């Protein structure tokens, strides 16, 4: 039995805002929300993005309820396929989106000034020993990105950091292809993979171009 | 080096919507976005919610860029503290939010018609052998919730399912308290935990009341 | 040394309400309030509104502690830039918000039935000689708005009064642009200016539309 | 004629929240708001507080539309009575509240971590030459508080800063008594003055006790 004596009521300002949403957005769309509840969701795309508060997936893409199945973790990473019976939250989300919901697009959305990528960079440069510890969840999670540090171009830290942010996207796409159900969906044409990177400051969006093999502004 | 020959350009409809966002929302708020990029995020709260496309965390709470650090996984689950050096994406997100960003609130937001919770329920009722397989990422992820099935009240399936959805929230809050940095932040008053459940169909929001030990509509 | 023998204890009803706030809102949000105290405020917007008791800036915009830097004076007026070494409370507030806090938005919020604007109107129509006196602080303060009276459209008093309320907002925005630090922040895109008018009776909100050159309901 | 080509539409998130307020708080109270519009405001108290985003006057005192006439400026200062025909925004607000609205209470509400008071302190200690410049609106505004620096107790900076925050409240009350209309209203018993100080971090409220001649927690 759970012991949740530590849970507290929501802050009032959020309750007030919720009531505002309920009386407007919900009220105006309740027919659609009821259908979504009765018939289940049928999202067209899955988006994997960072938890960062500055990334607003639905705003950027003008998406409303029912459109995107969204998984958000630190640094928008996908680990390689590893069916070892342990708990893999990201893999579970991908599996559910591709095999149960059969989404048509899977978008990995990275962003500038990513604290997780920066942590990985500092760790790989030997400047963040605390992230090397076994007990560091962030450090161990960023191990997924670690192999990408070796191939970074020469340059100053900001340049290399940005390059690593973009490699986080590409590495995730590569890792996605190691999942048999992803690879087969891509191969039979029912799923397409996409990599995009958002500059928080300028609002720019760059998308991976497989022909030119670089990220290009849209 | 990565091999991302499978990545494709974004669907045109998303690029069009992005350009619309850039010319309007971004343009009206660029001073704020630039500051968020320059000075870093300082979100007041972390929200852990489901990936489900019908859950719109920011809409429900009228939140804009910079307000919420959002982790989304299947069924808004938090596993227990397990610093074994393996990859724990949810634990990494919680660690980053609490120790680096020092969020003041951590809200676990569940919802009705949760496919992940339903999968767990079917599995525990013996009706989903495929989820029992070692290779099922969803099944293994939902093992986090499994212990809650035992204590469900008698009743029909919908009643028990809804109860399990709410137990997923409470179990996550309990598991959060097994993380030393969460427990100490709660104990010293710098962090409060909150559990809430949203009914997709009716738009209702229920919040866990620690005094009455039940979810009550706000 | 000050002589404050005239100060009195707070009315009991306010003390009771304060204790209620302390035991509820404060208690639920103390982690956030402590962070705001330790790390300083970082408000996204400054709002300049009237002192009128019927204008509730934070309620209308669902804002909580830390979101808005709020200056309130009679009739939400901003005087022109005048760095003469005298005391200019409004100019000081604008200077602090723009140069020290670097707010991203500056919203001038006017309202219906504004007593200050009405006083200015009566004064300009020759019906309030007491406001013309040198010793009238309200009269001299409303001199800021006086130049706008000349260009009012023909019509009955209520129509012209409402027009003058809206001109108070626009004149303040124009005056804001005479402050070099405001103009340069607007020009480099780090600050945007906004004009809005709230109808106390109907609750309507109208926002200045620079394209149509009029206030339009949102 | 005004030229407001620089004004921009409001950010979307504020418009959404406004619509939420309109559909809930406004709708539930429209009878009262309509009366407030038709019959005019009749606030019981005037509050003079700081613009600081962390000070929520209405929350702390559980006040709703129509209760408080609120003037907010940097550091909640009131200048001395100076009827020189120039623009004095604070004096105009006090004059309107006391002579036109006839408020029964006038509360000067200070707070901890006040940036304006800190600026004054640094200036008086010779550590902020930029605030001494004629063109510094904040510096000239804080000149109102300057005379209080001389009598500060010995001690470290934080202790002296806190003392100066409280003297800002007392000096304002003293200055209020230099206004003939305030002094006569106090003397005939129709107005009482109050000084209070809020600790942002702990939520504590201290009120000036004229008997003990110190600020005491309520």
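Think of it as A, B, C and D in the order they're written, each chain with its own count starting at 1.
Methods note: contacts are C-beta pairs under 8 Å (C-beta built on N, C-alpha and C of every residue); 3 or more make two chains touch, one makes a residue touch a chain.
Owing to the predicted nature of the structure, the values given are computational and were not obtained by experimental measurement.
Bringing chain A onto chain C by least-squares fit of CA atoms involves turning it by 120°, to the nearest 5. Between chain B and chain C, the centres computed from C-alpha atoms are 39 Å apart.
Centroid to centroid, with C-alpha atoms defining each point, chain A and chain B lie 13 Å apart. Rounded to whole angstrom, the centroid-to-centroid distance between chain A and chain D, based on C-alpha atoms, equals 45 Å.
For chain B, residues that reach two or more other chains under the stated contact definition are 25, 28-30, 34, 59, 62-64, 66, 105, 192. Contact topology of the protein chains: fully connected, every pair of chains touching. Those residues of chain C lying in contact with chain D across their complex are 1-11, 14-15, 17-22, 25-26, 30, 33-34, 36-38, 40-41, 43, 46, 51-54, 56, 58-74, 77, 79, 83-97, 100, 105, 107, 112-113, 115-116, 134-138, 140-144, 148, 151, 167, 170-171, 173-174, 177, 186, 192-196, 199-201, 203, 205, 207-210, 218.
Remark: chain D residues 16-17, 19-21, 23-25, 27 touch chain A in the complex.
On chain C, the positions that touch chain B within their shared complex are 28-32, 34-35, 39, 42, 44, 62, 66, 102, 104-105, 185, 189-192. Listing the residues of chain D that touch chain B in their complex gives 8-13, 16-17, 20. Within the complex formed with chain A, the chain C residues making contact are 24-25, 28-29, 32, 62-64.
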